[in-house]
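Provided herewith is a single structure, encoded as structure tokens, for subsequent inquiry.
First chain written, first letter: the chains are A, B, C and D, and each begins at residue 1.
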Amino acid sequence: MELAPVVDLVRDAVTGFLQSLGLPAFVIDMVLALISASLIAGFMAVLALAFVWVERKVSAHIQNRLGPMRVGWHGVLQTLADALKLLQKEDIRPAAADRWIWWWAPAVSFIAVFAAFIAVPFGEGLVVRDFNIGVIYIVAITTFGVISMLMAGWGSNNKYSLLGGFRSAAQVVSYEVPMILAILSVVMVAGSLSMMSIVQAQEGTMLGFIPNWFIFRHFPFGLIAFIVFMIAGTAETNRTPFDLPEAESELVAGFATEYSGMKYAMFYLAEYSAMYVMAAMGTVLFLGGWHGPFLPSWLWFAAKTVLLVCVLIWFRWTFPRLRVDQLMELSWKFLIPVAFINLLAVGLWSVL
Amino acid sequence: MTGESLAFYGLAFMLVGASILAVSVRNVFHAAMYLILALFAVAGYFVLLNAEFLAAVQVLIYVGAVAVLVIFAVMLTTRLTDARVRAHNEQVGAGLVVAVAMFLAIVMAMWSTSWPISDAAPAVDNVRTLGRMLMTRFVLPFEIASVLLLAAMIGAIVIAAKETGPPQSEEST
Amino acid sequence: MSQYAYLVPFWPLLGFLIIAFWANRHHQFAAKLATTMIGISWVMSLVILWETLHAEQPLEMTFTWMALPSMLTKAGWTLSMGVLVDPLSALMISFVTTVSLMVHIFSLGYMHGEKYFSRFFEFLNLFTFSMLGLVLVNNYFGLFIFWELVGLTSYLLIGFYYEKWTASQAAKKAFITTRTGDLGMAIGLLIMWTTAGTLQFNEVFAAVDSGVLSGTTLTVMALFLFGGAVGKSAQFPLHVWLPDAMEGPTPVSALIHAATMVVAGVYLVARSMPVYMASEAASMVVASIGLITALMAGSIGLVQNDIKRVLAYSTVSQLGYMIMALGLGSLFAGTFHMFTHAFFKALLFLGSGSVIHALHTNDIQEMGGLGRKMKITFWTWVIASLSIAGIPPLSGFWSKDEIVATAAHHPVFLVGTLVVAFMTAFYMFRLTFLVFFGEPRDHHKYDHAHESPLVMTGPLMFLAVLSVVAGFWGMPWLSHGFGHFITSGQGEHHTPSILLMAVATLVALCGIGLAYQMYYKKAWSPDALAARFQGLYRILYNKYYFDELYDVVFIRPYYVLCDLLWTFDMLVIDGLVNLAGWLGLAVAVMHNWFDKYIVDGLVNGSGYMFRGLGRSLRFVQSGRVQNYTFLVAFGLLLLVIVQIDLLTLLTRLFESTP
Amino acid sequence: MTLYQYLALATLVFCIGLFGVLTRRNAVAVLIAIELMFNSVNLLLVAFTRYISPDGLVGQLFAVFIIVIAAAETTVGMAIVLLVYRGFRGIQVDRIGFLKW
């Protein structure tokens, strides 16, 4: 069952109601935006709770143990319980912290990911706003995450936090380049920056049975672009093996060292949501978005994104952490050249 | 009061306020934060002016790279315990006078100019048009800009890298 | 390939330039580059030699280098340059590059870790270039240029360890001594130029043939020309520099002071054979000088204790041999001995280098028993020693046999030749037994000795093979052998004399046997012999007092002359100069007054003016960026104000006010 | 909204940036002020595009170039600041008078 008609119906009803109150158009737009925002915020919270649980269970099973089992069936409510605990904790502020910057850092980190959700197409017609530059929008807006980490690192007035901030900035700026290059090869084939158009460009099949997804197109260049994208995406979301900014064995908790309670939870929320955004981008760009047989589009999209999230989790529990120099070398000496050559190859393929 | 003018004045408040704070606060890190706010406001103006691509580029390049670089420089050059030094030099008065005079002069000059204002509809799909222009009429500036970036990158590395020259050959005594 | 012969010296020159300008600090690269360059030249020269073997006639390429206006003739003179590829030069470049390549490879190991490793290879390349150029040019003028270039590189390489006092002294000695001979050569060339009007080899020889150059003029010219050869090839009485030149690194001794540069004199005489053949007196002088040198140097070599000096005197003696053979009119014998000698003497020097490398001493009295420790060095040394001693069928035997055969017609020369052969065999095996046999005399050094690495022993083995086989080319039974080749088929051809061969071999065996008795069996004590013939021993040990003689005859008087001139300088010339100075001072005092009060007044006045101006402008240049920026902004403000269109502005203001 | 409002706004930001360039002592702060000036010019160019030649886009293109140049400028500028900091242990612009010699 497609969700888009239902959403349209609700929106029309709300719009009609507001118009009957005689409000000006931009006020109605704002109210609608507020409703979407709260929906997304709720969705994000649920998502993060679910993924934390998934991660703990998957990691447990990878390591041949059970993971949380006590709260709820197979521990499904464990994360909720943890969140409640965090909510009750005292909010400790270091005495020497740069107060405002310290306060704003988790908020900016949350806002950056939150804003990215606006352009994610959760299914056919299921998107808050289909920007005509959607892909670049998401890439651009998520860079605020770096700022938030730098803010947290500076504001905490703690050397571990500062080092974590430095590392994250260097890492994210470096890995943005191969990621954008990998995205560009898709954008070049699709001929559009809009998320919807990119998904639509992947409709149908090749040779009758291979889905017309970019991962399969221009074999093997689509696949290479996907691999580069996934590596760079893992680094962008600061997850293992690229979790240097918060490497617990070196920097306690990196930029989040001085945070506690709800602010700490906010960083967690942002991290897991960013993971989802990355998976959603991967799905849209390479795995055909919502396309798929039999099932409704939003279910296909959800399935693909969850699959990619599971791949990210699998990475985390499989690979050891890199050293800083290895991290930089991987990006500048391997991924960027590969991505460039791949881009060139795709371009030549498209032209010839 | 339309939505557009509301957005304009809201962003103007944000931009001007952030700019003034960016050049006046003592803490350079805070100044960088206000700079980011101002950059974000400019990106908002770009959206208002039908330049969505430029807005995205503004956020991507300015916030994602330039501002990060500025914050890096702040972190590397200023110690956390900021010494109590003057934030401004002794030509504050003269600078203020020149800035205000400049503002008045430019505004007057602009007002006294007749601008050929056009009523044509703004271009849609300007990403495609921009790309095409970059690759045809403006291909030379485009290439030069890329060379400039490369030169800047190498130059920055050369300037900022620590001296690690070849080992000094031992001189005969 | 022969038409590209000018490329043969080009490669080492290229190597020299690259190392000199760009690769001075990259030691390993420089060494490998230099070796590679020589390798290319080597391959090229082998191809050229092969082509020349089958060539109908010599290949000559000439171009006009400069045209000189002349006061004497209307046409003026032209100076040509060019390349001559004939059997002699093809032979020369092939063995020069061969030995040079071997020495380069050897040096990779021998010089390893030197402070000026790359400079060594740079100089070696420059030398190889010069030497190749020397043998390839087709006129005396170019030959003279390269002649001086090899002299220069020889100087540089002898003084390679210039921090060492003796090395720098030896370098200067070598340079000045050879220059003395070169002065003679220059005079000879001037005579040639004024009488024949050309310096081209073939034109000079044509002039000799046609009688333009003849009689006393020819003899004098030939003798002056021979002066150069005497200096460069260390012939009596200018031989004194060569033993001292052993201060240079051993590979240099092998390349320059044994195999190649010192045979330049031999080459000069060989090249000028038609000139010497035309003058009975000149060739007789040449032959006599050769014999005297051979006897004298050989006898000195009998008693020396420095391994390299013994080899140096051996070289001088062998060079005397070659010169003598050429003076006796046998181009074949002289050049053939030069050819074979290059290989076994280079081998001996490299072998001594290997020994020195292992022991860090030059003194043979501290060596002994090394044959057990350094197998390859030992066996190659033995091959070379047998070869130089003239034991059949090694290469030295064949070439020495040719010299003996040449000398057979003159009783004095025949006896002298055989005596030299005997002495050669004796001192070579004296060295061999002292160094490689018996018990070690210095156990500390012996225990640290070791065989050299392959990079050093490889050239030894290669040269050993050449020392064995090179002679077969010149076997007297061959109708188209070396003699046929070098004389372009028109030269003399001795009937091989088994008797002479047997005598020469016997003499050599006697020398070896004597050395065996004295230094291996210790049947006759060398010390006792030295004690009995004390006077002779002392003369020989002090090298016939040549250095002291020169010191008394030339150097001391020169110092006295210098003292005299210095005194003259001090008293007369300085007096004049001082007088002029005093006069100048008097004038200056007058000028001073004028300057101080009139000229300075003007200058100071303008100075004060500019100082005042500068003080007022100083604030513009504070050195602070922001002050400058302020000025820029101010200027911008003025520009903007100019841009305001007041009329329109006022109109608009009044329009919009209501 | 008219062009004049954008012109006035951009001019204001430009002059604020100018003030910062003229008066801030910290070199990084000077660079921040320079970024402000760049941005005001970008804003101006985009406004011109919108109001003078909406279908031409040349102004936007130049804004792109200016962003590129600003990135290059910041890169080199920050490198110089780091170098100066290393050599002088401080980045007070008015202390660094070595341009005078």
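Just so it is clear, a residue touches a chain if its C-beta (ideal position, glycine included) is under 8 Å from a C-beta of that chain, and two chains touch if they have at least 3 such contacts.
All values reported here derive from a predicted model rather than from experimental measurement.
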- Looking only at C-beta pairs in contact, point me to the busier pair out of A-B and C-D. A-B
- Message: Centroid of subunit A to centroid of subunit C, CA atoms only: how many Å?
- Response: 77
- Task: Compute the distance, rounded to whole Å, between the mean C-alpha positions of subunit A and subunit B.
- Result: 28
- Query: Per the centroid of Cα atoms for each chain, what is the distance between subunit A and subunit D, given in Å?
  - Reply: 33
- Message: Suppose each chain is reduced to the average of its Cα coordinates; what separation in Å results between subunit C and subunit D?
- Response: 68
- Please set out, as single numbers or ranges, the residues of subunit B touching at least two other chains. 53, 57, 65, 72, 89, 91, 94-95, 98, 102, 106, 111
- Query: For subunit C, what residues touch not just one other chain but two or more?
  - Reply: 626, 630, 633
- Query: Residues of subunit A that touch two or more other chains: which are they?
  - Reply: none
- Query: If you go through all the chains, which pairs of them touch?
  - Reply: A-B, B-C, B-D, C-D
- Mind pulling up the subunit A residues that touch subunit B in the complex? 24-26, 29, 96, 98, 100-101, 131-133, 136-137, 139-141, 143-144, 146-147, 150-151, 153-154, 157, 162, 165-166, 169, 173, 176, 193
- Listed in rising order, subunit C residues that touch subunit D in their complex are 621-626, 629-630, 633
- Message: Taking the touch rule as given, give the residues of subunit B at its contact with subunit C in the complex, in rising order.
- Response: 89, 91, 94-95, 98, 101-102, 105-106, 108-109, 111-114, 166, 169, 172
- List of subunit D residues in touch with subunit B within their complex: 1, 3-9, 11-20, 22-29, 31-33, 35-36, 39, 42-43, 46-47, 49-55, 57-58, 60-61, 63-65, 67-76, 78-83, 85, 91-94
- Touching residues on subunit B, where the partner in the complex is subunit D: 4-5, 8, 12, 15-16, 19-20, 22-23, 28, 31-32, 35, 38-39, 42, 45-46, 48-51, 53-54, 57-58, 61-62, 65-66, 69-70, 72-74, 76-78, 85-92, 94-96, 98-100, 102-103, 106-107, 110-111, 115-118, 120-123, 126, 129-130, 133-134, 138, 141, 145, 148-149, 151-153, 155-157, 159-160
